């Protein structure tokens, strides 16, 4: 597709009032492997697809604990994500040291967004190329936020980001009305189901996904692989009966093709993200 | 439309004495979802259209409380708007701490404008891409200001910014002579009516608009959704009788088409603003 | 008109020894709505055309009080003008705090010019896009200066800047010999007459012009609208008899056409100035 | 291959959300001579191919001791690698001085990755052009990490980087399941075998490879050449019977051809790396 | 005329070893209205042509007093000249405060030249666009220097700079041998005569020229207009008999034409200088 | 030869993972006149070809004493080499002042390489254009290192750099196996012979080469011309019998031709190096 | 002549390893009027051609006293030369203040060269455009150095720089063998003769050359014009008999033609140098 002359510098506005470099950074989120989040009144569950470089390596960490009450799942440039989650960790430590109480989730999310905004207004920097799903529990309840490279953030009931996240979003939209009152275990199940939607033909195994939970009486932690596999086993038979959803597959393929412009996706994604 | 070589750098004047990059930043305001404001002698009401990314998310906050006596509604780059409203909040806190009285509205507006001006005169920055309607009450009465990316500000009786704001402006111009002596409730009604004008065929519901009020004896606060829906219900029947104004619809469509150059509007607005 | 490669950077000289970026900034003054000034031995009067964005807004302030003995009228980028007038205000406060006497007008004007010159010699800044008519009274009498974006300043008996200022200049040139000994009221009358010359067919009303006076025994202040309207009423009948000066109208039209290159004037002026 | 306009500046995103300059820096790793690493529960072995500039010089050092419990093997720009290993050495010294215990391997790896990330987000720097295999032993056992120019890092059971590393990776993948419980000596043998795979027809001699070990009771040290030659001698007869793997040879040749774009490989690699 | 690629950056040498940007800045001096200087053993006289923007303004000051024993006349960018003369004034004040004796003229001239040289060797500045004739009296006698944008300076018996200065130079060359022993009054007369040479058909009046004198027993001061007019009157009759020198007129016209490349001279000079 | 768009900025990677600007700086070494070094167990000898600008000048110094135990010979940009050797001198002084023992050679070489590496990673600098042969003696014996513009260094038994160094390298490779146990005097002889190889038809005289020695009991010093001539005289007769090696001559000529691209060699080398 | 893309930035290497911007700066030396130097065991004589801008000015100073024992003659950008000679003066004062002995000549020359080298390695500066002949006397005898824009320096028996210096060099080469033991007066004579060689048809007069001497018992000073004229008179008759050397004239003309590329020499030299 033809592009104009206003899209190589983050401090240059296009005539139509757009900042293309910020929008391109948001594309990097779409190139990352999928991450999802959903919450009830009392719990938030994060999930992501693990993508190992080879048999020889462990998969790259994409869910990070920030504090006992906050965790984050990322999609996009992993290095940017790691640097930002370290920033969040420091903010939490400093806050609880000063005020002797945990940093409210919404407050941390705003600080994170402000940090991202600065990178969209300096000619010698670049916007971060990572999206973050922030899960947290504080006095006002369980929260799920999405922080994006533009310096914006949104509160969600449930959300999915990264490559082929559309299928997961469709799944979540079909079911999100039940989430508020879901039990912790149902929430985990829905998280796994949503992840399965992004797998495009691959079989769901506990080794290719990571699930983390934070909730009332349960500090943020990543579920061990055995627990996840047990849950998968309970519903896997049902899933097979449904069969792969052909329509969604085509949609995802089209999305993948769009991502191809500029290089083959496999090569393109690999070096920077997983 | 063909553009010249003077429009990629904020510190470059065109031969005709224009700063295109500043004007382009003002386009970003037009791309944002609509915000309106209007005031009587004693009250100011702000309103905006909520645009949710999906069913799963809450809508993005576009009206911010700055202090008990000041609030702001934004259109354009939300991240820029949030950063600026935080700046305003800090200024208010510092002032009242030092002088033990609230910061006069006009004074805050000038400081905000000066901050915006700096970004139009440094090669390594960019103008803010957000317009702010500042509502406030101080010893000199109720005030409504509009701060724009160029570093200018204007005092208004009533104003509307953002996409399809022209229809709202037309409505406000037809009725603004009554506003000065309006009751607080009539003012709220007019605000909702003005917002409805920007909806282009969509049905007005309390879920898709936010209304905030500040006035004598009433600190700045956002009306809860139930209250707004009640008001909508009172006049919705009348509105349907009028029918959609075809002329305005065409005008807005033309405006939309102009905004299209550089990308499809829907795609263009989405990533950066709502 | 074809332009060369030396006109996009403020620190680049053209082969003929010109700084085009500075000249372009001076064009911005011509794009602003008109401002005029004139002085007698004891008084200086400033005047400007008010241009409201819409019925809904008050007009934008273009005349600023700097100190009891100094005021300023601007044409061009209003935000730049406001920032500079704030600078002047600070200089006056600091001076009178230190020396317990008002800052001499000529001295302030030089400081202002030096501040403007710096912006013509740094690659990461841009020249200010505003012209300032500085009116002041000090021990050496009444003064009227014009400060321009190039860092130059001039003392005037009477002057007009901004769009269609040529007609006002012609008027002032015809009559300036009487100004030195004019009474304060005659000076105000001449100011209003000069402003009328710039109105190109529009009817002169007190709502579309602002008049300010500083003089012996009279601190700088803006005349209230009623007073201005009374003066207008006294001579409006005479004016109508003269009829619009066709020759001047054509001249102004030609000037307007020249300003058009680079965009339609109406659109071009609006976003940045008024 | 044709490239686009987004690939000359490290702070410029491509429309598809990629940072080409970072990816190009990762190409530099592929241009360096091969380095491999593998680990058991108790030991980590690093190996690399020595490439001497001429008979007259010793080969260039590509394996560095960082501390008693940590060492590193590099591929790519040797100068960048040396500077980074010095950084690691300083971090280890400071940590053990402050805490009187050795710096945990994973912690050092994150600091190294953060340092690399900074170079991908400043317009006046460039990403490091070197990949590092970090071998270490701490309270949590033996570790092997790969740090890459993008600011990412991965934990591996076994890995190979640099030119013709694909053949070594294939070898390691065939055998890595045994590594966890391998004896220290078997691990060394496998390291040498993996290096031989990258030699494309050259005969394996102790003079053209370096092997280093760190493990329980064995501080990080480089094996002396005699020891390495003895090990080679034990299995060299077997190796000759296998004969050169034609398929791998072709693959490697293809890889070499790809690397050629932009200059002949031999010339290209020589000046910067070995 | 075609220009090469080495002339837009002050820190770029041309292949022939020239700095075009410095040379272009020297063109700015030629575009300014004329200034002349001449000296005897005991006196120095400066003169310049006043160019008023309109009837309404006083002419712009082009001769500045620096100290009791030093003054300066400028041609070129007036704002640059004013900033430099302020610098000179400060240097004089500091020197006499420290040493309790006036700053020697030659020393000030070197400092001024060094300040100009810096601007020819920094990529983010531009050379000053002004030439200065420095007149001074110190223990070593009366001095006349010319400081040019390149950072060079020259001592002169008599000199003329600015537009149409060639005619004045011709006059001065014809007569300079008498200057050393001229009386103060003869020197003033010659200054006025030299200025008349630059006037190309305009009639010499005291209102269009400024004359300043510094000498033994006579601090630097500008002659009042009456005195100048008296001197003009004494020789004006003779001048008219000579008639306009046709040859010089043609020469000046040719010079003017050369200056035209890049824009019409009248327009070009006006905005920046007078 | 056609070059690509990635070779004008030192912080820009090429798609194939190369830094062209660093490679180009390494070309500067090849353009310098030749320098050679060789070592036994106890001594290191440096030699270089002197190139005088004219009969009138002494030749330019290309061998520098750094400390009693270290010296350096350079090829390439002499000014860069001098600045770096001054840096080395300071490091030696500081070290021996602090530790009261001489700075180990290898340690100095690493510091030098790190200094060079920094210049390959900053957009506002350039890589050094000089290669350094560092000769030194410390507790671990005699050392010869080569430091190159890329920030790399190598330890050598013997090496030659600069124009026509290939012939010298061939000579050294034929004989280097004897060097370790060579006597100090044989080493000097071999140094002179190697230099003769680079002379392409010119007759070897003591005036056109410089020889320096450092070894056990012999601080770094340059041999006086008489001594060198005596050694030359001893073997010159033999040399003449061999005659010029035609093959090497052709090779060197080809190398010279390659160097020509971009300008004639004679002109190209002269201004910057000798 | 066609030039490549590597010659506009001082920090950009050409593929052949050249820094064109440094070479271009060296061209500026060739454009300056000639300067020569020669020395015996006890004396150094500097000479230069004076080029007055017009009859009205004194010639520009091109020989500067640095200290009692050091002086300098320049060719090229006079402003750069003056700034550098001021630097040298400061270094001499500081040294003699600290050590109570004169700064050795060679040491000052190295400091000067290092200062020049820095300007060849920063993107925001430019190389100095001036060559300096440094004459000095210290404990090691009389010295003559040439410092060039590249940061190199050379010791000479005799040398000539600037325009048409080739003729002077030829003269000096014919006679330099006698210089070491020349008397002070013979040295001065030879200096004058060498200067005459550069005059291309102009008659040698004391007014167009400056001669300076430093030697044993004779601090650096410029000879007064009378003395120089006397010497000229003694040999002028002989000179006329020889007649202008046609061959040299042609050579110089060719050189002049080469210098013309990029502009006519007369115009080119004038603005920046003399």
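Each chain gets a letter, A, B, C, D, E, F and G, in the order it is written, and its residues are counted from 1.
One rule holds for everything that comes next: a contact is a pair of C-beta atoms (placed from the backbone, for glycine too) under 8 Å apart; a residue touches a chain by one contact, two chains touch by 3 or more.
Chain-to-protein mapping (UniProt): A, B, C, D, E, F, G = Proteasome subunit alpha type.
Small disclaimer: the values here were computed from a predicted structure and weren't measured.
K.L.:
Which neighbours do chain B and chain E have in common?
P.N.:
For chain B paired with chain E, the chains in contact with each are C, in label order.
K.L.:
Taking each chain's centre as its mean C-alpha position, how far apart are chain E and chain F in Å?
P.N.:
A distance of 56 Å separates the two centres.
K.L.:
So what's the Cα centroid distance for chain F and chain G, whole Å?
P.N.:
Once rounded, the distance between the two centres reads 31 Å.
K.L.:
Quick one: report the Å distance separating chain D from chain E, using the average Cα coordinate of each chain.
P.N.:
70
K.L.:
Two or more other chains touching the same residue: where does that happen in chain E?
P.N.:
9-10, 26, 123-124
K.L.:
Going round the ring from chain B and on to chain C first, in what order do the chains come?
P.N.:
Following the touches around from chain B to chain C and onward: B, C, E, G, F, D, A.
K.L.:
Sort out for me which residues of chain E touch chain C in the complex.
P.N.:
1, 3, 7-10, 20-21, 24-31, 53-58, 60, 76-80, 82-83, 86, 119, 123-127, 129, 259-263, 268, 271-273
K.L.:
Mind pulling up the chain F residues that touch chain D in the complex?
P.N.:
4-6, 9-19, 22-23, 26, 110, 113-114, 116-117, 120-124, 146, 148, 150-152, 154-159, 169, 172-173, 176
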